[in-house]
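Structures given as structure tokens follow.
Next come two complexes built around subunit A: one with subunit B, the other with subunit C.
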Partner chain A sequence: MSLNYDDDMFVCRCEEVTVGEVRQAISDGAIDVVGVKRRTRAGMGLCQGRTCERLVQQILAQELGKSPAEVGSSSVRPPVRPITFGALAGGDF
Partner chain B sequence: MKSYDVIVIGGGLQGSSCAYQLSKRGHKVAIIEQNDVASGTASHTDGYVGFSEKAPGIDALQGWHSVKLYHELQHELSYEIEFEPTGFMYVCETEREFAAASDYAKKIRDQGFDMTVIDPKEMCELEPNLAPDLVGGILNKSDGLANPYRVVFAFVNEAKRNGADVYTHTTVTDIKRNAKGEVEGVVTDRGDFLAPKVVNACGVWAPFIGKMVGLEIPIEPRKGMLLITEKAEPVTQSIEVLEFGYWLAKFFADFKRPVSELVEKHNVCLNIETTMSGNTVVGGCRLFKGYDIKSEYEIMQAIAERAIRFYPMLKDMHCIRSFGGVRPFCLDHLPIVSGVDEVPGFYIAAGHEGDGVALAPITGLLIAQIISGEETPFDASPLAWKRFEGVDLATLAEHP
Partner chain C sequence: MVERDIVVVGAGPAGLAAAIEAAKLGAKSVLVVDLNMKAGGQLFKQIHKFFGSSAHGSGVRGIDIGAQMLADAQKYGVEIWLNSAAVGIYGGKVVSIEKNTENKTPVLTNVVAKKIVIAVGASENVIRFKGWTKPGVMGAGAAQTMINVNRVRPGKRIVMLGSGNVGLIVSYQLMQAGCEVVALVEALPGVGGYGVHASKIKRAGVPIYTKHTIIEAKGGDRVEAVVIAEIDKNFAPIAGTEKTLEADTITLAAGLKPISDLVRLSEAELVFDGVLGGWIPKHDRNMETTASGIYVAGDATGVEEANTALEEGKLAGVAAAESLGLVSESEAGKLKGEIWYRLDGLRMGPFGEKRMKAKAAQIASFPGVGA
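Let's turn to the complex of A and B:
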């Protein structure tokens, strides 16, 4: 599969990260999804990467000549979906 | 075999800062990092940069120097570190805490640094979202925030420009020494590297590197957890806020507050700031639980409860993420920043507990100055390995 995404296309809409920024992160040394996330904030927004993670994986795989599995995924951490502090404090999760 | 003047083990906050300062002085440097740079505690941390979390004396002094360095580094480094001198406030829930805080503020002032006592009215003017029933607080205007990953990336980038080599996904498994016991290099899972000087900047993992040269380094992982809100209206007014109980709990294990069983059980104390990204970071806790960094629901519950106590508006705000991390807690609450006489060529830059973001600049500077034989900006001997001389580190009881 070949991808010809433009550098100015948005990958992560929550944090407004572009394809070009992801590519830059890779040339700065990122070799996996977490490395890209730390360098660009892609996946740190409201949806926590639910929308952009696949795309970040594809770009990584293409740039590095690896399989999507090799470039990993983001660590899953609670909460599974946004929850109010009130609900959290009430032990309601 | 590759050969260097200095090898820095660990590409975290301390290691990257050491590599930057060393390379700036013309040393040929390599960073060897077992994962990616900024992947250890550097990526599971808050970004408070100040000296207000420190004890009066050498601790506050090194903190003050480090904050001053941050003011310079933001211009010196070519990569944005998102440093912002936001100021800092401790808030007190009880008269007892307020008395202790006022006393602490006086000691800090006596050292020549800024720390003023403020009444509830001033507190609420500065921080309108705070609960109105607090007793008082103390305030400092020079402390701030930085983005911890970006600090590491900035130091690493700059070190590379100065000619440093960075080996990621390379694990140090042994230290090479000659017959006289002097350091000659390191052994890694990707081959050997030579250097007459090696810096152990491995944070919570520093004891493993210490064992390779027969040292028992008294550092233990001390867990913390943080909750992140959605991007929304600012909760704090570009200031870092902590409950003074945080400071008391850090230094006095037997300190008790009027809190729920859950908050007590997990040693939860409020720290909060709205960052440049628009998210608010809410913590935290201090627990000895080994190297485990998973997010625990009970701790999240306790942090949420404690945070609402001080900032009632959080009740209706969303938490989008949580994470845990381990601080490199050192036996006497001071980092180890020095050479080791009994192992010539071996240096330690580790044990910064909850202050490793704040202290990274001064630690890197001190190590580079010690290695280059330059004078340090203050007497750094209280941070030296030598302070443990005569202490039987091997038989020290495990921390509770």
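Let's turn to the complex of A and C:
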């Protein structure tokens, strides 16, 4: 709940992205979740942002003075759950 | 290429209800896929009795509702693929499924569906504090799965963050499972959930720290102590009010977020609503999204509870059957009217009213429905 986050606190566990890196991405020009993702990889890991997306939205909203709706959410591409190359290769297409 | 009349993603109360309803009305091939090893979703974690009217199984435990639904699914010939993850939806009608992920050689199967119901539920929100990534910090829902489904205690001494109904009920169930709940921490000035649940916690002697938050999880390889502090009106910790609690587990009951990935892949339109948990698909009174033939139900379309999920699932099931021509417009209208009557009933009272308004706004956002 506290909004005073230290820069060294993790935001995205999968890709080990910190609050400071997200803030840096915002000062580099990111204005939404996708912008932060492209600059930092936050949300590109195993959980595909299930854990960190809300946290990234909070930081964006706070830093930019925007509403949660304005900072958007992540883009989605298949597969939406991790699958093996074996399954892909042996798939019934 | 595998073909089915209806593919339902998610075998929780919403998905099972949709499948059962559609099969009951004559859908020949209804397939439900779920990535878990057991169908029923959250129902099998809910060992407590439900509240509400008798039409909604008040006094019945979630696990018993789940067992009844599984029996109904079997009775009406609903096919269920477990340990199977829907990983994509293409062209509005192909569902890509990694079948049996428990198997050593999972197979990716594309199923062509005439209608698709997305009932994938919600994921738990996380709260950040120093050390939140240490082992021992988990969602309250995850802890509930551990004790009630897997029969494993997540730890010995627990600090629960959040005093909504999930925080209160899971705290009590953790105690029933033999854990010690050291404290409940709540940022707001009052307890969030029902008084009857809070009383059980208080009677057991668990302190509830309102206007407090967790500021740090301390420890080496895992949580060993939890630092909490009082917060001001702006949720900022007040220096000098820190307390250190000895605990090995922190459970976060900070609300849920609808899972929207498959909805987004379907190119259905979304709308943001804080009350319902964030980004949610627009849908009409048939639960159909702006992507024709793709329906939604349950927490995936706005976080509520098991009973509303179940009714929304039925609604999607009836509407899908109707659009397949399996039931007349008048008969479907009658069934949907009855379901809406029950849904409206579930969205009353101090907790329901906000959701009622939010759901009405969600439907009004559907192109052609509003103003």
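Going forward, the second predicted complex is superposed on the first by the 89 of 93 C-alpha atoms of A that agree within 3 Å, B and C clash if a C-alpha of one lies under 4 Å from a C-alpha of the other, contacts with A are read in each partner's own complex, and residues count from 1 in each chain.
Definition applied: a contact is a pair of C-beta atoms (placed from the backbone, for glycine too) under 8 Å apart; a residue touches a chain by one contact, two chains touch by 3 or more.
Here the structure is a predicted model, which means the values were calculated and not measured.
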| item | value |
| --- | --- |
| Fit or clash between subunit C and subunit B when superposed on subunit A | fit |
| Contacts of A:Arg54 with subunit B and subunit C, given as first, second, both or neither | second |
| Contact breadth on subunit A, by residue count: subunit C or subunit B | C |
| Touching partner for A:Asp28 - first (subunit B), second (subunit C), both, neither | first |
| Arrangement angle, subunit B at one end, subunit C at the other, subunit A at the vertex (C-alpha, nearest 10°) | 130 |
| Partner chain(s) touched by A:Ile83 [first = subunit B, second = subunit C, both, neither] | both |
| Nearest-approach distance, in Å, of subunit C Cα atoms to those of subunit B in the combined model | 7 |
| Overlap of subunit C and subunit B interfaces on subunit A (superposed complexes) | 48, 77-79, 83-84, 86, 88, 90-91, 93 |
| Footprint of subunit C on subunit A - complex, ascending | 1-6, 9-11, 13, 19, 48, 50-55, 68-69, 73, 75-81, 83-84, 86-88, 90-93 |
| Subunit C - residues contacting subunit A, complex | 1-2, 35, 85-88, 90, 96, 98, 101, 105-110, 123, 125-130, 132-133, 187, 213, 215, 231, 234-237, 257, 259-262, 264-265, 272, 274, 278-279 |
| Interfacial residue positions of subunit B with respect to subunit A in the complex | 36-39, 43, 149, 153, 157, 166, 168-169, 227, 229-231, 277, 282, 295, 297, 300-301, 304-305, 307-308, 314-323 |
| Contact footprint of subunit B on subunit A as seen in their complex | 15, 28-32, 34-35, 38-39, 41, 44-46, 48, 77-79, 82-86, 88-91, 93 |
